[in-house]
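Alright, structures below, take your time with them.
Two complexes are shown next, each including subunit A; its partner changes from subunit B in the first to subunit C in the second.
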Partner chain A sequence: MAAEGNAKPAKKLSLKENYALLTRGLGWEPSYEKKEDIFRYIHFEGVKIHDWDKWEDPFRLTMDAYWKYQGEKERKLYAIVDAFQQHNGQFNVTDARYVQALKVFINGITELEYDSHRGFNILAREFPGVGPRIAAQMQSLDELRHATTQIHTISQYAKYFTGMNEFPYQFDRVWYLSIPKSFFEDAVTSGPFEFIVAISFAFEYVLTNLAFMPWMSGAAFNGDMATVSFGFSAQSDEARHMTLGIEVIKFLLEQDPGNVPLVQKWIDKWFWRGYRLLSLLATMMDYMLPKRVMAWNEAWEIYYEQNGGALFADLARYGIKPPKRAPETIAEKGHVAHQMWSVFYANRDAVGFQMWLPSDEEMAWMSEKYPDTFDQYYRPRYEYWKAQEAAGTPFRNTTLPQLCQVCQWPCLFTESGDPTTLSLRESEYRGQTFHMCSDGCKDIFDDTPEKYVHAWLPVHQIYQGNCFLPGVDPTAPDFNPMVEALRYMGIKPGVDGGDFKGSADATNWEKWTSRPANIHEGAYTDAVRDTASPADVGARKAG
Partner chain B sequence: MPIKAITPDYHGDFKDGVEKFHGNQIVNIHWEKHLMFAWPMCVPLPPAMPFGALIEAVLPGIFGKHPDFAKIDWNTVEWKTSKGAFTPDPAKSLADNGIGHKTTIRFRTPGLDGVDGNAVC
Partner chain C sequence: MSVEIRTKGVKPLSNSFGHLQRRFGDKPATRYQEATYDIQSTANFHYKPLWDPAREMFDARRTAVMMKDWYQLKDPRQFYYGNYTTTRARQQDAIDRTLDFVEKRDLLRSLSQDIRERIVHTIVPLRHYEWGANTNSAHVSAYGYGTAITSPAMMNTADRLGMAQHISRIGLLVDGNSGDSLLAAQALWTGHADWQPLRREVERMFVTRDWFEVFVAQLLVADALVYPLFFQQIDAAIAGASGSALSSLSDALMRWYEETAKWIDAVIKTAAAESPENKALLSGWTVTWRNRLLPALVPIAQRALGNKAEDALAAAAAALDARAAKLGLTV
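Up next, the complex of A and B:
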C-alpha cells in the first residue's frame, strides 16, 4: 500500500511476469564458488543434462500461490477433523476390524511420507535447475503435510484403540516395518536422479493411484470420514506429484540418449520394489475392509495393466520398455493378498494388529472374485484353520522367517505358475549366501550387492542379539529371545496383536457402540444391542 | 559393473557374517507342499550339531503341530539345497553334511503333501 497516496502504486505484473520472477527469477549464477562445488551429487550416477532450462515446469505454481492453496486445503481438512472428533466419528466405521487397517497405515505408511519429505528436500538442494528445485521443494512440503495430517487424523483413533501410540518408535524396530522403511531408505540413499525416477515416476506416477483411489474409496465406504478426508486432501497434491513424475522422465530421456538405459534400469528396479511394497494394500483391501469396494486383482488390472499399459505404450517412442518384471505382478495378482493374510494370521502373536480368519461371507466373495485361485489354494487352508480354532487348538507359527535381502518381506511368495512351490532365489557374493523372494529382487541384488549386503534384516538382528532392551541378560536361564524381541519392538502380546476375537479393541468396541466388533460374526459379547451397521441405521432413519 | 556411489570403491559392511551369531550359523528350513508353514523357517544352530539332532530336536518344535509330521518316514525324505539333492548322514554334523551359514534346506515327504494332500496347508 502506497503511503499517503502521492506515490503511484507499482505496476501490477502480468501473470507471466509474476510467474517468471517467482520461479526461474529466484535462481542466480554463482560468482565466487564453482558450480560443480555447489552441486556435488549430480554427476556420479552418469546422467547427462545439457540444458536445465529445457525443463518445463509441470504445474505453473509459484511459491506464494502454493502457500495460499495449501492453507485453504488445511483449513477445510481440519474443519472436518474437528467435526469428526466432536462427533466421535471413530465409532461410525463399519466395525472394529477396519481399525486394524489404520494401524498398518499409521505404523507403516505415514513414516514414508516423512521419508519422502526428506528425499525431496535433498533434491531441492542438489538440482542445479531452478524449475525442478522449486517443484522438489513444493513436494517436500506436501509430504511433510501428508505426514502431519495423517498423524493428526489417526490420533483420534489412537485415543480409543490399541497399537497406534508408538508409531515412530515401532517404525525403526518392528520386524515387518523394515519392509517400508528399507524401501524408502534405499531410495533416499540413491543419487538424486535415481531417487526422482524411483519416487516421482515409478512410485507416484505408476503405482500410488492404487493407494489413493481404491483404498480411499474403501475408507469412505466403511464410514471413515477422517481418513478419506486426508486422502482426498493429499490426492490433490498427488496429482501434482504425478505430473512431476512424467515430466522428469521426459526431461531425462530427451536430454541425452545415454540416459535411456539408466532410466530403464531404475524403472525396472523401482517398479518391482514399489509393487512389493504396495502389495501390502492387496491384503488390506481384500481382508481388512469389512465392506469391500473392489478386489486387488481388479485394482491391479485397472491401475497397472490398463493405465500402466497405456503409459508405457506412450513412452515406447523414447525406447523405454514396460518394467521387466511386470509379467510376474500380473501372474501373482490372484495370490498375493491371500498369501500375505495367511502369514499374518499364522504369526499374529508377533504383529501389532489383530487378526481373524475370513468369514463364510468373505470367502464366498473371494471365490467369486478369484475363481481361478481362491477355492483351490486358499480356502482349504482357512477351513482347516477354522476347524483348528473350533477344536481349541488354533494354529500358530512360532519360528521366524527367512527374509528377502532386498524387499525384506519373508520369502512367502510362490513361483509364477506354480502356487504350491515357494519362489526362493539365492546369490553367492564374495563367499556368502544371500536370499531373495523373487527374480525381481534377485535382479536388484545382483546389480548392486555392495549396497544390499548391509541390509538390516530384523530376523538376523534378533539372532545376533541386537534387538533387546537395555538391561536384558541373554545368558539368564529364563531368557526368551522372542519375548524380549517383542518388548524391544514395542509390541505387547495379547494387546497389540493376537486374535481379534477377545481383544481389547473388539470388546471395547461392543461396549462403547453396542454393535458387533465383526459384522460377519454377530456379537462376541452381550454388550451388543444393535446388529445393524451405521449405514443401515442411517438408511433406516432416512427411510 | 561396480556400484555408482559418491565414495570411490563404496562397499557396505557384511551385516550377517557368521562371526556375528555367537558360534551359531543361520539355517533356513522349508517343508515343501506344507504351505501352512508359508516361509522357510530361520533358526540359528551350531555348525557341529549332528544332522540327526536337527531332525529329532529342532524340526518337531517348528513343524510338529502338523498332522503329517508324526507320519514322516525319515528314510524316505528327499532333501535338497540350492546346490541340489543330498542324502544327509544323521551322525555327521551340519557342516560335514554341507550345510553352511545361511543354507536353505528344502525337504519333501513323499506321500505326505499337506492336509488332504492339497499342498497348501
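Up next, the complex of A and C:
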C-alpha cells in the first residue's frame, strides 16, 4: 500500500515525457570550473548558440532502448554472416570482377566509418547541450558498428581474394586512398560545427542515399548477400543519422542569423568535397558491377537533382541557397565515370585492384545510357586501347598523375562544356604554386590555404622519396622506385593490381567455381565447366 | 540457393588479415580481434586539427603515458559492437523485469516518507555523477590512442548514460513518474552542501586534459569509491530500515561495476607493467585523485550513514588501495 500522500496511481508517461525526464535534466551549469574551460572548442568557428535546449532530439532513444533495438539487429545480421561464411557465400557473386569493387570498399570506405566514429565522439564530448551530446554519442557508436560489421563481413572475401588483407595499412598509405582519407580527416580536423554540417548534413543527408541505394542494389543484383545484409542493417542507422542532419541545420539556422553565411559556406564546401569523393561510385556503378543497376548520371539525377532540389527549395526560407558548385556536377555527370576509369586503367600497375577494358556488351550499354558523351569521347579511346592490347603493346602510364591539392584526385577532369580540355587551376600561397582540379576545389583552397598546404599528397611524397620502407637504398643498382613505392603502400606488384585477365583472382575463381571470372568474356582457363552465372543456373533449375 | 559450387578443398589464401597474422600468426581470428587490432589510422595525417594544431588527429601524445604498442591494452571482455549490444540488451531484459516488478507493486512508492526522502537525497543525485562519468569517458574515447582502449571507452560512455537513466528510473519509481525526485536531485547536486565536494571533483575531471589521467580519476578511483559506498554500504543501510526493494535495483549497477572493473584492471595492469615511468604516473594519479575524492565523499556519507560513514569510506579506500597494489601501482 502506498504511503500517505502517495496513494494516487503512478502517472503513465508518454515516450516523449519519459525521454525528457530521463535525459534533459542530466546536465547542469558548472560553477567550480568555467564553462569555456570544459567545452573549449565551440567558440572559434564563430557559430552562435543562444539556447542549447532548443535542440529537438530527433530520435528520443534512451540507452536501454538503443541496446535492445541495436542488439536485435546485430543478432539477425550475424546469423546471416555466419551462414554466409559456412556456405562459402563469397563464391555466389556474379564473377570475380565484382570482388574488385569490394576491394575499393574495404580499403577506402571502412576506415571512413571509423574516422566518423571519432568525429562524432569528439562532439559527444565537446557540445555543451545534453540532447546533441547524446545524439552524437549514439551516432559515434553506430559508426563504430558500421566499421565493425564491414570488417566482419568482408573478412571472408579477404581470405580468398587478393588486395583486401591490409586495409588499415593501405588506407594510410596508398596514393588514391588519400582521396577518402583526406576527406574525412578534413572534416574531423575542422571545428565541431563544421564537422556536423559536413557529415550529418552535406554528406549523410544530401549525398548518402546516392552511395547507399546503388551500392546495396548493386550488391543484391550481383549475389553478394553479405554486403546487402550489412548494408540494409546499417540503413536503419542511416535513417536516424539523416534525421540528425536536417535537425542540425535547422537548429544552427534558427539560433542566430549570423550562422547563415557560415552554414552556407560549409554546405558549398562539403557538397563539393562529398561529390568528388562519391563520384568514385560512378566507376563502381558503370564499370565494376558485372550486373549493373543504374548508370551514374541516372543516380545523380534522382538522388541529387530531384531530391536535393526539393531539399534546398525547402531551406530557402532560411536564406540558404543550393550548393554553389552544383551546376558543375550536373555538367560533368556524363563524363566522370569514363574519365576516372581511364585514369585507373592507365595506372593499373600502381593500384590495389585489377582492371579491364569494358566489353562490347558493356560499351553498348554505355552508349545507350550516355548518348551524348560515350560514343563521341570515350568509345574511341577504349577501342584504341583494345587494339593496343590485342597487338601486345597495351597502354600504361609509367609515371604517377598530378593530384589536386584539395580532393586529391588526379587532375583528370575536363572543363565544363569542353570535354577535350583538362580542367586545371592554380593558386599562389606564400610564394608557392598549388594545383587544383576544378573551381570547386580552388574555392576551398583559397578560403583556407593554411589548412590545405599541409595535405599529404602521396604522389608528391613518393617523388620526394618519402615512401620507401626502412632499409631501402635508393642508390642500389637494382633500385626500382615504383616497385619500392608500391611495397611501401602495401600493394603486391603484379598480384593486387594490374590486368584482371590472368590475375590470381581470375584464375583462382575459375579453378574454385568452374565459372568464368568475367561473365562477358567467356572462360579464361580450362577450369570452367559452366558458363552461366549462379542466377541463370538457379533460373534454369527452377524452370 | 541451389548453386553447385565445388568448394570442398578450397583452401583460403590466408586465414586472417595481414595485421592480425603479424600479431597472432596465420590462423582464424576472433571477431574481437578483427574489430579491434590496428584499426585506427596511425600515419600520413593530412591536416593540423584546428582544435589542437600542435598534434595530429590521432596522436599518442595526448597522454603522458607511453606504450610501445597501444594494442596491448586489450579488453578481457572482448567486446566489439555486436556482442556488446547483445550483452547489454540481455542484461536490460532482466533489469526491465525487476523494474516492472517494483513498479507494479509500488515497492518504492510505498516506502515511508523518510526512506523515500533518503533515496532521493542520497541515491538519485548520482544520475548527475553518471552523466559526469559519461563526459569523462567520452573524453577518453575522443582523445585516446588505439582502438583497443577507445572502443571499450566508447561503450563505457554509452554505459554511463544507461546508468544515469537507470538511476533516474529509481527516482521515477519513488515519485510516481512526476519527475519531482529528479528536480529535487538536481537541486541537491548543484546546491546542497552534502554533494558539492563531489561535484567539485567531477568538474575538476572535466578540465583535466590528459585522457589517461581522466581514465584513472573517473574509472579507477572515483568509481571504486562511489559504487561500493552507495550501492553496497548506503544501499544496505536503507535495506536494513526498509527491506530490499532498492537493492533489487542497485544490484544491476553493482553487477555492471564488477564487469567493467575487469576491463579497467586489465588496462591499468598492462600500462603500469610497461615501464617504471608509466607506473609512477599511474600511481601518482591514483593517489592524487583518491586524496581528493575521499574527503569529497565525507559529507554525503555522513548524511547517509551517520557515525558509520568513516568506517564505510575507510573500507572503500582500503579496497581501492589493495586493488591498485594488485595492479602493480604504488599507493
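Throughout what follows, the second predicted complex is superposed on the first by the 525 of 543 C-alpha atoms of A that agree within 3 Å, B and C clash if a C-alpha of one lies under 4 Å from a C-alpha of the other, contacts with A are read in each partner's own complex, and residues count from 1 in each chain.
Criterion: a residue touches a chain if its C-beta (ideal position, glycine included) is under 8 Å from a C-beta of that chain, and two chains touch if they have at least 3 such contacts.
In this text, all values refer to a predicted model and were calculated from it rather than measured experimentally.
Contacts of A:T420 after superposition: subunit B is touched, whereas subunit C is not reached.
Partner contacting the larger number of subunit A residues, of subunit B and subunit C: C.
When the shared chain is aligned, subunit B and subunit C each come close enough to touch A:G191.
Once the two complexes are laid over each other on the shared chain, residue contacts for A:H460 go to subunit B alone; subunit C is not touched.
In the superposition on chain A, A:L112 makes contact with neither subunit B nor subunit C.
By the touch criterion defined above, A:I179 lies against neither subunit B nor subunit C after alignment on the C-alpha atoms of chain A.
In the superposed model, A:V343 makes contact with subunit B only, not with subunit C. When both complexes are overlaid on chain A, the residue A:A226 reaches neither subunit B nor subunit C. When both complexes are overlaid on chain A, the residue A:S140 reaches subunit C alone and has no touch with subunit B. In the superposition on chain A, A:R125 makes contact with subunit C only, while subunit B stays out of contact range.
The residues of subunit A shared by its contacts with subunit B and with subunit C are 40-41, 44, 191, 451-452, 454-456. Remark: subunit A residues 1-6, 8-13, 21-23, 25-33, 37-38, 40-41, 44, 62-64, 66-68, 70-72, 74-75, 77-78, 88, 91-92, 111, 114-115, 117-118, 121-122, 124-126, 130, 133-134, 137-138, 140-141, 144-145, 147-149, 151-152, 155, 158-162, 165-169, 171-173, 178, 181-182, 185-186, 188-192, 451-452, 454-456, 458, 461, 490, 508, 512-514, 530, 534, 537-538, 541 touch subunit C in the complex.
For subunit C in complex with subunit A, the residues that touch the partner chain are 1-7, 10, 12-19, 29, 31, 34-35, 38-51, 57-58, 80-82, 85-90, 92-93, 95-96, 103, 106, 109-113, 116, 127-128, 131, 134-135, 138-139, 141-143, 147, 150-151, 154-155, 157-159, 161-162, 164-166, 168-169, 172-173, 176-179, 182-183, 186, 189-190, 199-200, 203-204, 206-207.
Note for the complex: subunit B touches subunit A at residues 2-6, 10-17, 20-22, 24, 26, 28, 30, 32-33, 35-44, 61-62, 65, 82, 100-104, 106, 115-116, 118-121.
Touching subunit B in their complex are the following residues of subunit A: 40-41, 44-46, 191, 339, 342-343, 346, 377-378, 380-381, 384-385, 393, 395, 397-403, 410-412, 414, 419-422, 424, 426, 430, 432-435, 448, 450-457, 459-460, 463-465.
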